Every structure is written in structure tokens, then in C-alpha cells.
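One chain, subunit A, links the two complexes that follow: it is found with subunit B in the first and with subunit C in the second.
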Partner chain A sequence: MASTLDVSYDTRIPNNVGLGQDRKVLKALEKWHPGYIDWWNKLIPQNFQNSMVYLRTAVSVDPKGWTKFDYVKMPEYRWGVLLAPQVEERTIPFGEHKGKPAWQEVPGEYRNMLKRLIVIQGDTEPGSVEQQRFLGLTAPSLYDLRNLFQVNVEEGRHLWAMVYLLQKYFGKDGREEADDLLRRSSGSDEAPRMLGAFNEETPDWLSFFMFTYFTDRDGKMQLESLAQSGFDPLSRTCRFMITEEAHHMFVGETGVGRVVQATLDAMNKAGISDPNDIANVRDLGVIDLPTIQKKLNLHYTLSLDLFGQEVSTNAANAFNAGIKGRFMEHRIKDDHQLTNDSYTVKNIADGKIVEEEVPALTAVNMRLRDDYIRDASGGVGRWNKAIKKAGFDFQLTVPHEAFHRQIGVFASIKADPNGNIITNDQWEAGKNEWLPTLEDGTFIQSLMKPCYEPGQYASWIAAPKVGIDNKPGDFEFVKLHMA
Partner chain B sequence: MNQPIKQHLIDPEICIRCYTCENTCPIQAIEHNEDNVVVDASKCNFCMDCIPVCPTGSIDEWRVVQTPYSLESQFEWEELPEQEALSVDATSNESVDDDPIAALLAEAHKGAGGKAHAPITASKPTINLYNLINPVEAVVQGNYRLTDSTSDTDVRHIILDFQGHPFPVLEGQSIGVIAPGLDDNQSAHLPRLYSVSSPRDGERPGFHNVSLTVKRDEGGVCSNYLCDLSKGDNVSVTGPFGSTFLMPTAPDARLLMICTGTGSAPMRAFTMARERTVGAQEGGMVMFFGARTPDALPYFGPLKKLPDKLLQKHLVFSRCATAEKEYVQDRMRAESQLVASMLQDNNTHIYICGLRDMEQGVEDALHSIAQSFGGDWLKLRNDMREAGRYHVETY
Partner chain C sequence: MSAPIDFRVDATAYRHWQVEYDGAVATLSMNVDESGGLFEGYELKLNSYDLGVDIELNDIVQRMRFEHPEVKVVVLRSGKDNVFCAGANIRMLGGAEHSHKVNFCKFTNETRNAFEAAAVDSGQQYIAAVKGACAGGGYELALACNYIMLTDDSTSAVGLPEVPLLAVLPGTGGLTRITDKRKVRRDLADIFCSIEEGVKGQRAKDWKLVDEVVSNSTFDETVRERATIFASSSNKPDVESGIRLKKLERNITENNVSWSTINVEIDRAGRKATFHLKGPTEAAPSSMETFQAQSDQAYLLRLCRELEDAILHMRFNEMDIGLWVFSTQGDAKLLAEHESLLSENAEHWLANEVRQYWKRTLKRLDVTSRSLVALVEHGSCYAGILAEILFAVDRTYMMEDEFEDDDRSLATITLTDANFGPFPMANELTRLQTRFIGEPELVESASAHKGAQIDAAKAHELGLVTIILDDIDWEDEIRIFMEERASFSPDALTGMEANLRFAGPETMETRIFGRLTAWQNWIFNRPNAVGSEGALQRYGTGVRGNFDFERV
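== the complex of A and B ==
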């Protein structure tokens, strides 16, 4: 099947995979399409559906063509099926089939494994849109509103990308799985989303920024690993998605950074020098740094859980099969087969956290999580720079990986943010210091009032340093439909 | 060296270290350490692939510098340095006038059948030093008619001097000329692109002045404006533009130049530059140059005087009263042994420049010449293009 850089609009679904000539898949997608639109329309509040949002839309998948900005109503956003250009003569980059030509069709023996990975990835995409569905009502600015919607429509497109793979390569099973992606729903009792973090609420904008910073970053790491896949259509799909995902990282990092900045500015203006003077800081209409730290602790640990078990035969099998690689596999200098390598993982022995050497193949998840921790720590350091620059003695930190975990070896113990194993009583005594309380939530909620004037920002968040598409801060990023 | 250069930088205060640019860069000119993501000035070829993929707005940063900032110094930055005091613009490369120009160049280069690459040994070009918001004023040093006064074709050789402002331009690059006045929509004219016909050190060596080869087009706003200029007039100029249609600097490189009309401008620049650096070298440069008549062929007189050792010339005419009608592709076929030997030499760089009409005929000729030695022209062309050895600029 020929694939080009240019996106074809000859079907209702923009694509660069020759859908026009692929009647069977086109039919399946067109059958799925009304359900998707229905899902979207029921999800996002109506006045936003009718608003003009300054969004970027891909018109081709080469670097120059995929960021065209214009006003668009979200239901008319051109969700499409876009794959990165095919690399000629690409070979499987790792695992036991390393060096053989990349698969253009699903290898029979790995069909179920592949399908499961695609379904799990696909399930997260609509999940986050569902979690964030009401945030628009309390947006701190039109700029932030636009960023939220950009993230939402792109997560929607990522769902499309996964649905295309399911329908194109997995026949009837794939079509059923695609339907189920719209049937499950975040937080639902009967049919929840598959992963825990995607059933948690996103109750306020700080949570949204923390989510895009920490949880979407897990998504990025997963996409990076799938982009290495020997199954070429999956690799190409994920490569294109990663570029979009970078925008979500941006929304998260700058979002939290701007919340921190607003707090610092307000404290300095009011002459408050103690960041732990919580009551007085809150009176300024900003979120105190200790509460920001608690939010960070929560979202970071929920995200660590997404990496699964530290030692995992499933992950080993997927790597060995050439289906899911490691972060930046192409930059790693080893045999890419991990036949004799070992990797250090943490475990609990005699009530202590110990390090163990295990076969590297079984520790692929752990390695990805370690890469994630490194990646996630960078932005925290940059937030701290701002705190230091503003003259405050306070540091945000990522907690120890044993803290507040539900999945993996640490789920069996309680630990404080420094990684000291503690008793249940100590946990109960300390948890309100470490994780957001109901009261914290109520306070943050009290600040969540919409600010829809162009160029205006809610008290608790600073204006961005640079607008989107080089537009000035007072640009009308969303033309709100006032019904 | 071709300085000052406009150096591509990333704002460390805005960048979120997602490394999307690094993963997008087709030539690995971007790298990072624990702190910063930085662009290697010795590698970046201004392809701009990294600009739209950046989610943050940190990547479209430029400084005009005499000496590029090293990777080490960029790794240590916590913020971008101020622009040093130079009388040039360092704002966005994607500001209002540059995008259409990139599009114009891409359109002109599309006959190469894929993304163009600069020759491996080409010097590093400076691009977009001046733009619509901040053009540079040049002064006309001379305006000479190149074609015979009896010819109905009026082609001019126009020399511009930049009055001491830096204007580092390489052979094969273009500059933008802004005609004064307003268009039908009452907006200022956009720059028109002209390929320079002088070598990098100037029409006169060391003077860094620039010559253009301009044909007067009936009704053409900019060409008539240029052709009517007198010595001492001021002209608003943008650029330089173009980062792929460049000459190799390796002395053993061979150039096969195929052009018509004012498409000879870059070929003249190549020839003069090579004469000044490499000197005459047997087989180094071959030119197929077509015009309607001898008196309509720009630089006919000076060309005839160049020794064959420096430049083997094949001047062909399609409307010559004394000879049969002949196009460049006809002569290429007649000289197929010579062309075939060049096609089979990995040192050969092909340049095609002129009216778009010429493309097909030249392609067909190259195709059949390649066949004569059992070569597959499309494959050869693509390989040459990827290696920066096949260049097309037609309009």
C-alpha cells in the first residue's frame, strides 16, 4: 500500500494510508465514525462545541506540513489516520527477529500480544478526554482553554490511530475492540477504563497540568517504546503521535510552572517569605507551594503505577518478539537482544528495600520507568529554578518510587516520600502532609473560576512567556460561542 | 569563511526538553546533555524541519554572530545571550516574508524529484539575514545591458553594493528585491528572488558586491524596476536565501551545468568562484547553455573568451538564422559520451537552471544517456540528489 506525505481528503477521514482504495477498512471506519462523533458531542459541553478554537491540524506528516493553525469548531476537527513516512527497508530493531525485515502485516504468532498492546494504548486516549471534560467551564484563560482543547482533539485523534490499526489488521476481533473503546468510560462502575490513572477524576486545572506533565509522559514513554516496534504500521503510527504528544508535555510543564510563578509573584508582592505560611498564601488567591508538592506526589505516583510490574515476563516476551522496544532503543548501544545482560531492580526483602540483579529482558518495564523518572525530574528542576530565582528557600521534589504505590513490589508496603518504610499508623498520621486532602481540594476548587477575557489570566496562574504559534498573549485563542 | 552567520539557537528558558527537534532533525545537528538542547552551528543547514514540530516556541531563535556559540557554551546557558551589536536583524526566520520565500524556493527546486541537499563539501550558507521588516539598502554600482541592442531580449547585469553592511552570499543563493510602490491591493510588493551571478567574495574580489542577471519581462514590476535603475540608486534587498543549490568546494569536484537564459546566473557565479579558487582544471566544468540567438545569450562575449580547460562550453541556439534549431538536450545527446562519463563519476555535480520548460527535455536526455551505459536514471538521480550532487532550480 502506497503511503505519501500528503494527506488525502478524498474520503470523510483525512488519511495518508490510501483509505480511498481500501474499501473494507474505510467501510469499517465509516461505520465507527458516527459513534465517535456521538461520543465527542455528548462529552464536551455544547457551547464549546460551537466555539471557534485556534487549533493546529496536520495537512501532511512531514515536519513542515503538520502544524497549520486556524480556527475550527471541535466537532469539525479533521481527525484523521496519519502515519509517519515509511522508512524503506526498515528492519526489526531488537529481539529475536532483529535484523529481519519489519513486518507489514501482523505476524500470526504475536497477534494477541499486539492486539492487547494496541487496545491498552487506545483505551487511554479517550479516557483522558473523559477525565477532562468539564475543565473548560473553569478555564483560567482563553489560552489555557485552547491548550486543553488541543490536547483533547489530539487524544481523540490518537484513538483514531489505534482504531485504524485494529480495524485494518485484526479483522472482526479488531472491530469489536474498536467498539469497546467507545463503550468503556472513565470512572464507570460497569465498564471503566483499563488503567487506574485513567479512572481518577481530573477535578481542577492544577490536576490537569500535573496529569499532562506526569501521566501523559508515561504515554510518551509507551509510544516511544511502541515506535520501535517491528510491526511497521504500529511504529509509524506511534512516531507521528509522539510529535503531537510533545505538545501535551508542554502544556503540563508550563502549566505547573505558571501556577508556581503566580504563587511566587503573589508572595513577593505581599512580602510573605515563608512558603509554608499556607493560610496567608492562600488568602492571596494562589496555590501554596506545599499543596503543589502534594498534587505532584499524587500524580507522579499514579503515573509510576502505569509501568506495571518491575519484573515482567509479558514485557520480556513483547521485547523478545520485537513488538515493544525500549525508550530510545536506536540510541542504546548494546546487542538489542539482551541475551546475557542484567539490570538492577528494587525489591523488598526482610522489610527493607534492596537492589537485585535480574535478567535485563525481564526488567524492560523497570528500565522504562527509570527512564521516565529521569525524564520527569527535568521539569521539576526547572520549576525549582524559578522558585530559587524568586528568592524562596523551597524545593519541589519527586517522591521516592516506593511512596504511595498500588502496583509493583512497593504495593505491599507503606513508605514515606523519602522511601523509608513506615507502619500503617505512621502512614495514617503522615498522609495528609503528603497527599492532597479533601480540604486542599476544596480550596483549589474555590479558585476555579473561568476567565474568558482575551489576555486575562486567573489570579492563581501566570501568563505564558510565549503564545501559541507566536501569537501574543492577548490573542483570542478561543472565540467563545455565547448561546 | 562566510561570516557573519545567522546562528540557530534554542531558548533554554522556554524549552521543555522533549527532544522532538532532535528526533526530527534529518542530519543530527541537534543534541542535548543533562541541561540543554542545542544546535550544532557547524552542522545545521537551515532546513527548518525542527521549527514547526517544537511545541514550545523556544526553537525559533537566531543570533547573528561573527563566531558561532560552541556546543559547550550553549550547554551552560540558563538564558539566551543578547544579540551582539550588529546592524542586522535576528528575528524569526519564519517572519512574514520568509515563509513564501521558502515556498518559492521549494517550488523552484521541485524538478529534482525530492528533497534537495547541499553538496557535502559546500560552504555553510547564511540565510534570512535580512527580511521584509528589516531589509538592507544596497546601492547600484552599475547596470549594463548584456544582450545586443538589436536583440529583442533585454538582459541586464546589475551590480549592487551593500555599503559596508554584512551580506554574506554564496554562489547559487538568491536575494530578494523589493520593488517600491504598492500593488493592486494597495500592499507593498513582496520580494522577488534573483539568483546572484557573482562569486562569494564579490563581483570584484574582496569588495563583496553582488551582481544579478535580470531579464526585462513585459509588464514585470520588479524586472522593469531593476532594469531601469541607474548608478547610485538605492534598492531594498532581503536574503540571502537558499541552502541547497550551492557549489562543492572540493577541487576534484566536477560540475555539469545545464542552463537557459538568465538561468546562467548561478553558473557564472560558480565559474568565477572556481576560477578564483581551483583555477583551470581539465574536465572540471562543462556547460550546456541555450538561448534563442547568440545576441540573446547573456555573457556571450566573456564566455567565449574563457579557456576550455576551465570551462567546456556548449552554446546552443534555437532560433539561429545560420544554423539548425538546437536545444540543450540535443547537444547533450550529441555529446553523450562526455555526459555519460560525468554521470558515472561520483565527483560530478549536476546543476539545471532556467525556464521550467527545459526540465523534461533534459530529463529525457539524461535518461537515455544513462541507459547507454546500463544505468537507471531515476535511481542515479535520486542517489545523486541525496548525496547533494543533483540540483534543479527552474521557474
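== the complex of A and C ==
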């Protein structure tokens, strides 16, 4: 069906779901729209709202060519409702209903479970925009500023996508939940975001890159498993969101990579061979590798927490119901029902980390986290290649999964980054070596000065290898409105 | 035999709760130790509870009244972030024997009734300060409080998800309190009880599920304010200090459990136990000041504590003992003197607490699912409070005339004011009113004999006892009755007795112990809940319950 590939711009809300014919849902969404615009306008500093940003907008859901780049003021961005094309005769790929036709309407018995998953996913999308709202003021380049805003508007669109599902399929309850997505706010005393990691500040650009690399990757894993859903509208929505999400991870991976590169270049130029010579490295106006490691430790562990309890009834229920699958479900060679399978999870017994076999159905979260850990290691390897190539004896590593955890079995113990269980005293003695300190934060903050000249980059970050949309490095990615 | 379930709690080492006392306001924080389950095989995640958690709560509620009479408001809150209380632990329920589930529910119901009634009985009000998920038994805890405050953080919700999630009922008063106490309209209640996610924010207030919805940023402050206001508007008299309830001394041997005033003798072959209650041996305290100085050793308080412990011990640890026989020995006149000190000083805080405690303990007896019989033997002391036992049990047998080789004083019964008001049953009638539900004039005639020692013939005439037997028939008649009783189906007996005991009007309490509990116990026996493919068994596996859809 070619028609669902193209996006209709004849309604206020660009879409490929025939909103023009679906008066009720259109009306509901249009009612929600002003609240959304209001949320956006209050969020990001006004001068950026009036700036012209070189953004991509989805004009189709055809993977071969779905975007168009142009200058746009963010509040005028066309946030649309876009679903990946429907797969003819798609069946439910896993769980007890495996093989039956995928649901095109919400099955009554799973209404609550589906709604909850969609609300939680939806809640993370605006959450990250809120966390990053002030970063524009300290952007290291117009290129990075554009990337930030691109990520922001697309997270905004992902909110739209979830809101569409709530409005279209969950009636009055869904509309109330959609309203609440705008009521909650990151770090708020009044109504905080649902998941802890989305109430943490994103205080600087290195945090932003770490966030997009590690935390958005959790988002990717969640979307991948929701893309398997037997509820077809959710599957199609998430499939298209993954396409956009890839760019966010690209921003994260190249962002951290460029920070590392700037450090390596500066050290080489100054003739510093010891990466742990922190004071002298910092004097060069770059972020030393040990501090980058600490930031990595923090964001990685916060992201692991997002996977929830290792053994989870909710995850088991959602899998069995055919609502939320596993990463790359179609590539896994098993019965996709997990009737007799087991899976190894870590647990704490007698003060030691042990492995236990549990029914695979209850370990769906754990499996997704294991997949995540593999997926997240790729970029770290590429950063290390650059370090090696520059001639330094230093490796960035992801810490052991027991380190610095607030959720799951490891929350009850203290462990060092190598996964050795340690005492509270040892933790207190070591934590400043492992996690960013106030002083580290102050140092990074001192580097966070805006650099708004086209083609110019702050001292602590290298220029990208290529610009966005194949534009040259000195392209004016944002035409700033500096009123 | 494994270690018995012990209801005597070390108040200095609660595992699951913290209590902070600050003048008239106490804050009770639920912070369940995940690995502190009473049995193996489950973790008490998300502030879920099992019997062990509830035993501590019961102890706290009790001590609040005796040890902290200065407290006028108790704020019940969670000691954990993001969750108030997730209710009874499902894996515990899934793994438990039917009999344990039933006993557990009964005990938790009794605890909730006790703190719910604390406002009226003792002037201690409970405020539930709900932040985070408050589901199932968690919301039932809140429902038993006198005032429910819910934070408006757009996530915290109250809910009764039992039906959709577990295929059982909110059986700790939930279904009853939303309609009978909070007067939630039945169709809204129907929605409320069918949705897993519960109801949050303003709607929870609109539907009367909570009393107040409070902005999240000012929640703690508003809770403090309410507590202070409730405390200052309370008409509970100021009491400087309470009395200490020390751990009960108890001795258990194979067939015997004994306390200072009670000895329970177990006849395993006959599946019966005899509760021997000893009357007072010392003169009644001359004043409440003396009583308070005697503290937890004052006879009527000690007896009540020991009787409660005996009831709970026998309910949970001796399941096969289906017949409880009550027997007293002592000086009825002396007992009546102990009692009259309390009734004459009913306004005294401690006298009041002891009387309220007796009310609760006698109610425990009313709802005990065992055949209950009382023997009024020569030398017995069924006066006032202890005479209430006669009207709580299913049958009474009384000795008539002198028995050979028995030089004890002839069996009599003494009625006092205690039998005509202060110790109502769950139906809010006295046991005598319930007994004579169709002949209220018989309550009057009994009342005319207040203070007198009523002998067997008179007691029979007044309808106070079931059967009077002389020396010739006593032993045999009673033996035959007991053997017959022991031969009947325990299930049928439980059902029969529970129906016959509660004549008269329904109250919220009788509906909880009768209607709600009975339905719950039926569901607890049905495959849809507890079968190998039932929802309760399958909870946590990810596989749904497989239901037989036939309506029964």
C-alpha cells in the first residue's frame, strides 16, 4: 500500500494514518495539541524557539527516503503521526497467541497492560527533552546545537506517536493518560517522570552524549521489543521510531568519540603521555579520560536500572500476552513461547554473586539487558580504537552490572566497577574514583561555553568527520535568533 | 513439629515497621524487609505483607493504645519510595495451604478492625498518607484508616486489582468498606474493582475512594497539618504515660500450653482442647491508680492478653483440634469485684482500654472457626466478662446439684453490667440480645438477676445455658456430645456455626466476616484461582490463569 508510505499534510497534524477521515481521533488530538505546543514553548529558551534550525522532517515512512532537510523554527516543526507500513497478514510473533492474526484493535483483556507500557514509554520521550532544555545555552558548536534540537523534536514526535495510540485506542482513559504525559515533568516535586533516570539532570554536553549513547539505547531496546508486539499499531509505530532513534545514538557515539578525540589531540600536541595526569590534561581545556570513564560509569549504570527487576512478573505477562517481545525476536531460534526454557540470571546468595536458572519467561527483562550490554559495547570499542591509534595506553570500559545499581538484585549490595562485592566503607573510599564528583562537574561546567560561530568548535570537542545532510563543517546549521 | 507461629512480638526489634512518637502524633512507617518472610519461598517485595508483617502491625496497634495513650493521631505511611503497599504477598498466598490463607485473612481482618475502631474506642485516629502504588491489601490498609490522603503526582493510585489480576477478591474488607464505609456508588465500585491500574488524582476523591487529594510538593506538610489539627480537635483526654506490655510468659509441651491464668490441655485423639481459665486469687485493686501500678500484671488485663494469645496460638498452630472446651475455676465474687473496678471507672483511660481489649478478644472468639462449648462446673467463675464466654460458644453444659466426691461450690452464673452493653458482638448487639433475638423480654428477665448467683435450674429457666446435667448424666452426655462433634465434617461445622452465631442485623463487620470472607474462601477453593492452572498459582510465571467459564 503505497499510500501509507506518504505523509498527509492536509490536516494540522501530518500523518499517514488517515487522520483526515478519522474525525473523532483528529478532534481529540487537536484538543491535545495546544497543550503540547504550550509545553514546548515554555520548555526551551525563547531565542532558540525563534531560531531557524536545519532539521530533518519525516515526509514518508519509506526507509529508502523518508526525510527532508530544511530550516524551520522549532515551534513550527510538523510533529506528525507516522506508522511504518502495515505488513499484510502479519501474525502475533510470540507468546500464547503466537500465529494468530496480529490485533488491529486493543484486545480487551490486555487493555490495561498495553496502556501501561505505552504510558511508560511515552513518559520517557518528553522527559529527556526536559532534562536537556538548557543545553542550547552552552552548545560547543552550531552543528551540535542542531543535533540537540533534532533529538529534541524527534523525542517530541515520539511523544506524539504514543499519544496517538492512547487517543485512538484507549478511549477516555487514554485521553486522560495523554494529558498526564504533559502534566508530569522531569525532576518535578509536583509530578515527576515515572522512571528515575528521567528525573536526573543532564547538566553538561558530555552527559548529553552519554545519555544519547547509553540511555537512548535503552529506549531503542524497549522500542525493538515493542516493535515485535502483536498489537499491530504499536508495532508499526515503534518500527518507525527506531529509524529515528538511530540518529540519536549516532549523536551519542560520535559525540563521546569527538570528546575523546579532542582530548587525545590535545595531549599529543602538549606531549602528555600519561592519561592519568589529570591536572595537566585539564589545563589544556579538554576533559581527561579518567573523568570520561566516570561519566560513562554513571550513565551506563543508570541505564541498566531502566531494565527493571531481573525476574519480573510484568515482563513475563507482557511477553506471554504477545504484547512485548524480545530484541530481534524473529532471529531467536526457540518456540517463541518459552514454555519449558530457562535463562540464567544473576542473584546474590550468602553475600556472593551467583548464577541461577529461572524460567525464561520470567527473565525477559534480564535477557533484554544482556542484549543491551552487548549492543552498548560496540561504540566503546570504537572509542578505544581511537585511543590506541593516538598512542595511549588507556581503555574505556563498561563497569560490571553489579556496580552502582538502584534497581534489581544488585541494589542491595555495594560493588566496585569490576563486580567485587565491597563494604560500605570501601564504597565510600572508592566512589570518588568511580563516579563523577562535584569537583569533576565543576570542571566540566567551566568548559561549557557556547561556541556559535559556523565551523567553530569548543576546545574540548573535535569537529565531526562529516556534517549532517552531507553539508560541510562550516555550514550554518542554526541561524540563531539573538534578540 | 516445626516452631509454632508466635504472636508475641519483641517490640524493640520490629523488622517491617518503624514507629516515631512525637507527642500526640505517631508516624507508623511500613518498610517491609524483603527477606523477612515468615516462611520460605517468597520475597516480600514492594511492601507486600505476610502474616509476620501483620503480627507486628497488630502488636503496634495494641501497644499504641496501652503504651502510648498520649497518641491521638497515627499517620500510616510507607517507608519506601514509589510504593505505599502492594498488599498481601501473592507468592505467599499461592504457596499457602487453604487453611493458612483463611486464618491469615481472618487475622488481618481483625487487625484492621482494631485500628479502625481505635478512633471511636480510644480516641486514636489513623490517617493513611498514600504516596506511590497502593493496591489490593495496601488499599485495604488505607480503607481501615479513618482518613485517606492521596498525593496528586499523576502516578500514585489506589486500586483493588484482585479480580482482574488474581481471580480472587479484595478479601481484607476491601469490597465491603468501599460500599459500606466510604459509600462509593456501586457501579463506580464495579469499575474500580475491575481495573488493575486503580484510580488516581481528583477522580479518586470524586469517587470517594480517598478523603483528600493533595499536591505532591506539599504532601508531607499537609499530612503533618492534618495530623496536628485532628490531634488538637480530638476529645481524647490527655494521658501522661502508658503502661508497658511485657512479653507474655508461655510454656508449651506436647499436649499442653500454659500461661499464668490459662492452661490449654490438648486431647489429640479426641481432637479437642480444654481451655482452663483461672479466676483471680488476689483482691481487686482498690483504685485505677493501683491497677495502673500493677501494669500488665493486673489480673483482668493479664487474663485478656493470655486468652487472646491462646486463641491465636490454637487457631494457627493446632488446626486439627476442632473442638474448644471452656472451663473456669475460681471465685466468681472476687472476679466480679475486679470487673466492677473497671466498669465503675469506665472513663479512666486504662479501664477503657482494658474493656475495649476484652471486646476485641471476645469478638475473636465469636469468629473462631472451631466448635466452641463451655462447661459450667462446680467451682467455676462465670461472672460478667467470663460469662460472656457462655454466650459466645455454641453450647453450654451446666452441672446441676451436688456431685459425688465434689466439694467445690455449686455451679452458678453471675450476670453483671458486662453482659448488657459494653461488649457487643460484630452485629452491634450484645451476646444476650443476639441469643434472645426473637424474645427480647428474656434479656430483661436476665437483667433482673444481675448480681445474683444463678444456679443451674434458674439458668436453664432463663435460657442462659443449653443443658443442665446432674451427677448421673454429666460425664456420659458430655462424652457423647464431644465424640459426636468430633465425627462431623469440620467444613460443615464451620459453616453451620458461623451461620448460627450471628443472628440479627448485618453490619460492615459481619459482612466482612460473613459475606466477603465466605465468598473469598469459596474462591480460594476453586480451580480458577488455586488450581494448577489457576490465576493465583500462575501469578508471576507470565502465563495466565486458564479459567473454567461455567458460572456456578
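One rule holds for everything that comes next: the second predicted complex is superposed on the first by the 478 of 483 C-alpha atoms of A that agree within 3 Å, B and C clash if a C-alpha of one lies under 4 Å from a C-alpha of the other, contacts with A are read in each partner's own complex, and residues count from 1 in each chain.
Rule of thumb we're sticking to: a contact is a pair of C-beta atoms (placed from the backbone, for glycine too) under 8 Å apart; a residue touches a chain by one contact, two chains touch by 3 or more.
Just so you know, these numbers come straight off a predicted model, no measurement behind them.
**Student:** Classify the contacts of A:313 with the two partner chains as first (subunit B alone), second (subunit C alone), both, or neither.
**Tutor:** A:313 contacts subunit C only, not subunit B.
**Student:** For A:378, is the partner it touches subunit B (first), subunit C (second), both, or none of the two (neither)?
**Tutor:** So A:378 only meets subunit B here.
**Student:** Between subunit B (first) and subunit C (second), which, if any, makes contact with A:246: first, second, both or neither?
**Tutor:** In the superposition, A:246 contacts subunit B only.
**Student:** After lining up the shared chain so the two structures overlap, which partner does A:100 touch, if you call subunit B first and subunit C second: first, second, both or neither?
**Tutor:** neither
**Student:** Quick check on the superposed pair: does A:465 touch subunit B, subunit C, both, or neither? Answer first, second, both or neither.
**Tutor:** Only subunit B; A:465 stays clear of subunit C.
**Student:** According to the stated criteria, A:67 is in contact with first (subunit B), second (subunit C), both, or neither; which is it?
**Tutor:** So A:67 only meets subunit B here.
**Student:** Of the two partner chains, subunit B (first) and subunit C (second), which one does A:27 touch, if any: first, second, both, or neither?
**Tutor:** In the superposition, A:27 touches no partner, neither subunit B nor subunit C.
**Student:** Once the shared chain is lined up, is A:388 touching subunit B (first), subunit C (second), both, or neither of them?
**Tutor:** It touches nothing on subunit B or subunit C.
**Student:** Of all residues in subunit A, which touch subunit B in the complex?
**Tutor:** Touching subunit B from subunit A are residues 62-64, 66-67, 220, 242-243, 246-247, 249-250, 253-254, 378-379, 382, 385, 465-468, 470.
**Student:** Going by the contact rule at the top, pick out the subunit B residues touching subunit A in the complex.
**Tutor:** 13-14, 16-18, 20, 23-24, 48-58, 60, 78, 92, 94
**Student:** Which residues of subunit A touch subunit C in their complex?
**Tutor:** Touch residues, subunit A against subunit C: 96, 112-113, 115-116, 180, 183-184, 189-192, 194, 313, 315-317, 319-321, 338, 359, 361-362, 364.
**Student:** Which residues of subunit C touch subunit A in the complex?
**Tutor:** Against subunit A, subunit C makes touches at 152-155, 164, 195-197, 215-217, 539-544.
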